[in-house]
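For clarity, chains are labelled A, B, C and D in written order, and residue numbers in each chain start from 1.
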Amino acid sequence: MITVLFFAQLREQLGHDKLTLHSAFYDIGALRHYLMAQHKEWQAYLAPDNSLAAVNQCLVNDHHPLHSGDEVAFFPPVTGG
Amino acid sequence: MITVLFFAQLREQLGHDKLTLHSAFYDIGALRHYLMAQHKEWQAYLAPDNSLAAVNQCLVNDHHPLHSGDEVAFFPPVTGG
Amino acid sequence: MRARQPSDYISVRQANFCQAEEYLALCAGNRQDGAVVSFVGLVRDFNQHNQVQTLTLEHYPAMTEKSLKAIVTEARDRWPVSRVRLVHRVGTLNTGEQIVFVGVSSCHRHHAFLACEFIMDQLKTRAPFWKKEQGDTGEHWVQANPQDQQKAQQWHRQ
Amino acid sequence: MRARQPSDYISVRQANFCQAEEYLALCAGNRQDGAVVSFVGLVRDFNQHNQVQTLTLEHYPAMTEKSLKAIVTEARDRWPVSRVRLVHRVGTLNTGEQIVFVGVSSCHRHHAFLACEFIMDQLKTRAPFWKKEQGDTGEHWVQANPQDQQKAQQWHRQ
């Protein structure tokens, strides 16, 4: 099981703040493509250029492996400070 | 007439805080050498490596020209802040 | 990586901070540091889109402190700084209000300047905060500034 | 050279300053600046020679403010900063006491960091202040640090 969280503008664009997935994914890239294939209207928003990914609250790239129980988050480039 | 001021460690080394000179000097270098010639014991302290010069409250180098009425100051490298 | 020092203070919260108290906490009983550098980020009245009336800061609570701690630890690995204090606010703020405080004390002023600016630059690109502006022309999510990205990356070329 | 802005505040004095008041003066009624950087220099308890008990700062009164104004003007010529406040104390100070405050506000944090550090670096090599330490091993004039000279010159290579 993998928990997927969405934040900020991406959350509003997708209309979801949380998904729970029971499939297994090799890495972040595989999960990203799964979500984009399932929801064509998400493709632009979830593209790697437009959204960052974190696994277990650490920023990662698309090659980061995924394991059951991981908390994944997708969000736009950050704008704090 | 030229007023010459000394500050900080240089003032203590020379034992003077102010001189009034009635001669004319072409530039700071000429004044510096005049003072060093008049007071052999000042030579080490007044050498350009050991003391900075200001004319009318602006830092200058030894080629800065001097005019009657100028306020000259010699002092060690600064250590504020 | 060096362990996080007990002298680090990191806080993420809605409540305002007092810049004077943060400064005092960097100095109090501190006789060995000659330099204290501090940065405060404030809500400007004009930004990317419009006249700003309020700003709402969203964050990813589970990740925020973790990412700030990692940034402070990285600053400590680079420069010998003594005390570090970092406060970042979330929620809705008015123009002129304080958003973020970063304060660093050190024996050497250059290290304090570097660490303080490094922490801000990294926070701007790695800490999960997002700003939404409410103003004359409605609500807008603030878009990330490519210059911030470049600036954060420059530290890794040094 | 650009004229000195009315928003510059430069003070050389024996009396202590309040860091909080200086910070507030940089922010008060200021809605356009998103960044405030401030530096405070403090008397350390150990310096070049010995355990320091007190520090006496001598200066060249007629020149001091003039040189500080020239430094601030040069910072303004380099970066678009808004408000600048600079306070330097003279006379006898105890360890832990504040010596100098430099505060800069700007629309852009990098300009505020650069201007603040530039002012400190130039002050360290061009402003006529001299420190004499009183400590365990007697009185000593603080000797200029060659690194300060190098650091001040680096700005002119940029």
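As a convention for this text, a residue touches a chain if its C-beta (ideal position, glycine included) is under 8 Å from a C-beta of that chain, and two chains touch if they have at least 3 such contacts.
By chain, with names taken from UniProt: A, B = Molybdopterin synthase sulfur carrier subunit.
In this text, all values refer to a predicted model and were calculated from it rather than measured experimentally.
Under the contact definition stated at the top, the chains bordering both chain B and chain C are D.
Rounded to whole angstrom, the centroid-to-centroid distance between chain B and chain D, based on C-alpha atoms, equals 26 Å. Chain A and chain B have Cα centroids lying 71 Å from one another. For chain B, the set of residues that touch two or more other chains is empty. For chain D, residues that reach two or more other chains under the stated contact definition are 41, 120. Chain pairs that touch one another: A-C, B-D, C-D. Contact residues on chain C toward chain D in their complex (touch as defined above): 19-20, 23, 27, 30-46, 95-96, 107, 109-110, 112-113, 116-117, 120, 151. Residue ranges of chain C in contact with chain A, taken from their complex: 41, 57-60, 62-63, 66-67, 70, 88, 99-100, 120, 123-132, 141-145, 149. Those residues of chain B that touch chain D in the shared complex are 5, 7-9, 54, 57-59, 71, 73, 75-81.
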